[in-house]
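Sharing a structure with you now.
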Amino acid sequence: MKRTAIAIAAAAALSMPAQAQVSGDTVKIGMITDLSGVYADIDGNGGAEAVRMAIADMGGAINGKKIQFIVADHQNKPDIAASRAREWFDQQGVDMLIGGTNSGASLAMAKVAREKKKVFIAIGSGTAQLTNEQCSPYTVHYAYDTVALARGTGATMVKQGGKSWYFLTADYAFGQSLEKDTTDVVKANGGTVLGSVRHPLSASDFSSFLLQAQGSKAQVLGLANAGGDFINAVKAANEFGLTKKMKVAGLLVFINDIHTLGLNTTQGLYLTDGWYWDQNDASRAWAKRYFAKMKKQPSLLQAADYSATTNYLNAVKALGTDDADKVMAQLKKTKINDMFTKNGEIRPDGRMVYDMVLMQVKTPKESKGPWDYYKVVATIPGAQAYTTKAETKCPLWK
Amino acid sequence: MRKPIVIAVALVLALAAPFVGYPVFLMKLLCFGLFACAFNLLIGYAGLLCFGHAAFFGGAGYVAGYALATLGLPFEAGILLGVLAAALLGLVMGAVAIRRQGIYFAMITLALAQMVYFAALRAPFTHGEDGLQGIPRGRLFGLLDLGNDLSLYYVVLAITAAGFALIVRTVHSPFGQVLRAIKENEPRAISLGYEVDRYKLLAFVLSAALAGLAGALKAVVLGFETLTDVHWTMSGLVILMTLVGGMGTLAGPILGAFLVVALENKLGDLGNFLAEATHVEWFASLGESVGIVTGLIFVACVMLFRRGIVGELAAAYSRRRT
Amino acid sequence: MDLFGVPLPALMSQLLLGLVNGSFYAMLSLGLAVIFGLLNVINFSHGALYMMGAFAAFIGVTGFGLNYWMMLVLAPLAVGMFGILVERAMLRRLYKLDHLYGLLLTFGITLLLEGLFRSFYGVSGQTLDVPEQLSGATDLGFMILPNYRAWVVAASLTVCLATWFTIEKTRLGATLRAGTENARLVEAFGVNVPRMVTLTYGFGVALAGLAGVLAAPVINVTPLMGSNLIIVVFAVVVIGGMGSILGAIVTGLALGVIEGLTRVWYPEASEVVVFVVMVAVLLLRPAGLFGKER
């Protein structure tokens, strides 16, 4: 019995964590993203830095209330993301949560935010489900989604003659959403989908998947993955000579990916983006500040982190409160006009709609230096790029 | 005797805990404590090293989660279904694995658990990598709203305490004695006329069912179920908990579970605290090093504290007495 | 031309790729089998040591400017030395105890190693470039095979066969095998058995390191690359027969091919086919395909 006594005493001592901190006089922003995995480059610590820049630009406080910021790594695991989000809302008094990359994690966090009635801004993740089947009055989906990508890159490739497709898909919410949305677009434009193969997130070896793609004899290889997975898939495709027989469609590509792969490998690639560091004076000015800190040019997500945080803080400032319902209402009626976009607005379903751009990667000759990678092909108005009212299944927007 | 006093103290602490600590974290501790105790029933008392306990833990979580989230069944039904699923899985896995012994037994359980992992990965209802999200808490018997963390805590406490009690009773029962006999010397037990395989299978199913109970409860507490709970590293984690606490002791696994879970969740906080207290910046990065610390503890326990914390403390105490 | 509804080129290409994977399985399970067969230790850290070999190659090439061929020798040496250290300091004391403790110790070491590399490199992958001499690809008609992968198959097969030959057919191997069966007797002949055991562990571990170097240019070098493989490698060793060297090699290669075949018809199942085979084999032939019941 002595043993049990010792055990219980020790156990009791261990399970007494620190007193719960209740924040009432601060605006606390939390960010949960992939800091060390396949998506670390496109958002990760750079995104956190962008948020800090936004807070600093606000003066670090709103009407005397200090702004606090905490970051955590979800390691691409939805359970870690959801647990952390719940703990932050319950114990740390977080008022606004920024969801970084990984759609699975974002869907999980959106659910927690909805339960706790706190503002959740999904920036890094792509699945259009966030504002469609799984929409919530507390979710704002910034930056991009899989529908916009499909309607941009997908439609373009089909119109250029890529009629038969084969998908290499990351096997979780994001990849599946992207494959489905792009399939819809391909079919709507008269193309066919010959098949698809799923690969686990951060797969180590793409060779067998690519061989299956090759066996299908499709014209286009649709890469429904991103970040490190996209980079490795492209490398392997080159290694196995696939690029000679099939056109590669990168459905979600960031400037960091082009930087890693190099222009020789990626020239001519089409991609749908929302923001490019070199698009206008305002973007260049901000990118310069970011580059000074991070030594690389910011991606769409990192710019979006800055913009979303700024707009949120502005809303709180205008209202004088960080009450979630009031802030959401304010966000949905304020136009977004900053270095990120000139005509953004947040719809009733939570989707932030703005003009997307279809880009093409420059050839090495056309590029004047590092990070000068894109040329604009066409602008896609927001209303065309994103899910329309007729198509949506979200009850908030009917 | 001392026993009632100790139990009373434990009860008081457990009842008061949610007012001091974060209820969700405490409930997680309780669930893992039960999981470790269920595992210990097999290794500590029957001598069977099962390397696939995650299959029961996570499998039950998925079944319960599906029942509650998709089928909309009430709380009790969901938990019960989870336990039954785990018991069934235990019956099948046990029947196949019991035929072999030692390391081969462990390997078969590992292989079967991997098949369960694969099933969880592929089955549509689990949503694979994204996990089963949005598991509702519902109401207990249609009356008590479990959405309130405090209420859920007391319900979970009651259920896990009942689970612990069941294990204690089993160990002290004639059945438990036979198990220990089998562990010590199987040929002798056979020669005494005991149907050894039957006893082992029963222990296996019981262990699986209780592990399933822990898993189902955890799924409801956290509101989701993911592949992490059926992955073989979870099987490894429960072995660690039992080893650290003390194999073959009743309370050891509970302590081991508390320690390991607290480590995983609070190491970052501890690091920050130490960094502020000692002004040594390096401590702040402790939160990133959960794997390293866990590995160190594992190695230390295997090399130096083979009896686990509770085992070593008890041995030291009895040495002082004599 | 179709075979069971699958075009022949697709089948051939997956088979060939499967053979490449099989070579990794064979080399890794060879190391494991050597360690278990001769030392009776279940080396769970084999995957982490494989990872160490790959990282050693990466660090050597990118950090110290050495070339791939040098790393082919240096990395296994480094990993082997680490293994010897572990054996001397820790593993040795557990020989008298249940198998279980060796397994648990090596499991703990795995966690340690993975955590350490993780804290330095994160989990995203590093890539090592294929060495000049092996770059490029050959057009085989039904697929384009990068030359490096052909090299992997050749190198692994050579190493595996050399090891098997040494252990089964030479005097040194005979001494090793005798030493594990009856250490006292062999010691009486003047052989330093503990040192032999240490060196054997070092060798088995070095094989894992070598596999890591071979893998670095084709597989993403991440701290978790070993843990993805280790369970499969265990299954291979168990199927082949826990002490059998030949069993490990043959099963490893066969498994790679079987996985390749599975990928043609039911790709998702390729991850689990090894376990199905393992359960079947263990129930029908308890000691594994080539093993002897101990």
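When the chains are written out, they are named A, B and C in that same order, and each has its own residue count from 1.
Quick note on the criterion: a contact is a pair of C-beta atoms (placed from the backbone, for glycine too) under 8 Å apart; a residue touches a chain by one contact, two chains touch by 3 or more.
Keep in mind that what you see is a predicted model, and the values were worked out from it rather than measured.
K.L.:
What chain lies farthest away from chain C once each centre is taken as the mean of the Cα atoms?
P.N.:
A
K.L.:
Sort out for me whether B-C or A-C is joined by the greater number of C-beta contact pairs.
P.N.:
Result: the pair with more contacts is B-C.
K.L.:
Would you kindly tell me how far, in whole Å, the mean C-alpha position of chain B lies from that of chain A?
P.N.:
Chain A and chain B have C-alpha centres separated by 36 Å.
K.L.:
With chain centres taken as the means of their Cα atoms, state the distance from chain A to chain C in Å.
P.N.:
38
K.L.:
For chain B versus chain C, what separation do you get between their C-alpha means, in angstrom?
P.N.:
About 32 Å, centre to centre.
K.L.:
Please list all residues of chain C that touch 2 or more other chains.
P.N.:
Each of 118, 268 in chain C touches at least two other chains.
K.L.:
Tell me, which parts of chain C touch chain A in their complex?
P.N.:
Chain C reaches chain A through residues 7, 9-10, 13-14, 17-18, 118, 122-125, 127, 137, 139, 143-144, 146, 149, 218-220, 222, 225, 228, 260, 263, 267-268, 270.
K.L.:
Using the touch rule from the top, collect the residues of chain A that touch chain C in their complex.
P.N.:
Within the complex, chain A contacts chain C at residues 35-38, 40-41, 75, 197-198, 202-205, 207-208, 211-212, 214-215, 228, 232, 235, 239-241.
K.L.:
Which residues of chain B touch chain C once you look at their complex with the stated criterion?
P.N.:
So the residues of chain B touching chain C come out as 49, 96, 99-100, 102-104, 107-108, 110-112, 114-115, 118, 122, 232-233, 236, 239, 243, 285, 288-299, 301-303, 306.
K.L.:
Which stretch or stretches of chain A touch chain B in the complex?
P.N.:
Contacts found on chain A: 1-8, 10-12, 14-20, 77-79, 82-83, 86-87, 90-91, 103-104, 107-108, 111-112, 115, 171-173, 200-201.
K.L.:
Can you tell me which positions in chain B touch chain A when the two form their complex?
P.N.:
These residues of chain B touch chain A: 1-3, 6, 9-10, 13, 17, 20-22, 24-26, 29, 33, 127-131, 133-134, 149, 222-224, 226, 228, 245-246, 249-252, 254-255, 258-259, 262, 266, 269, 273, 309-311, 313-314, 317.
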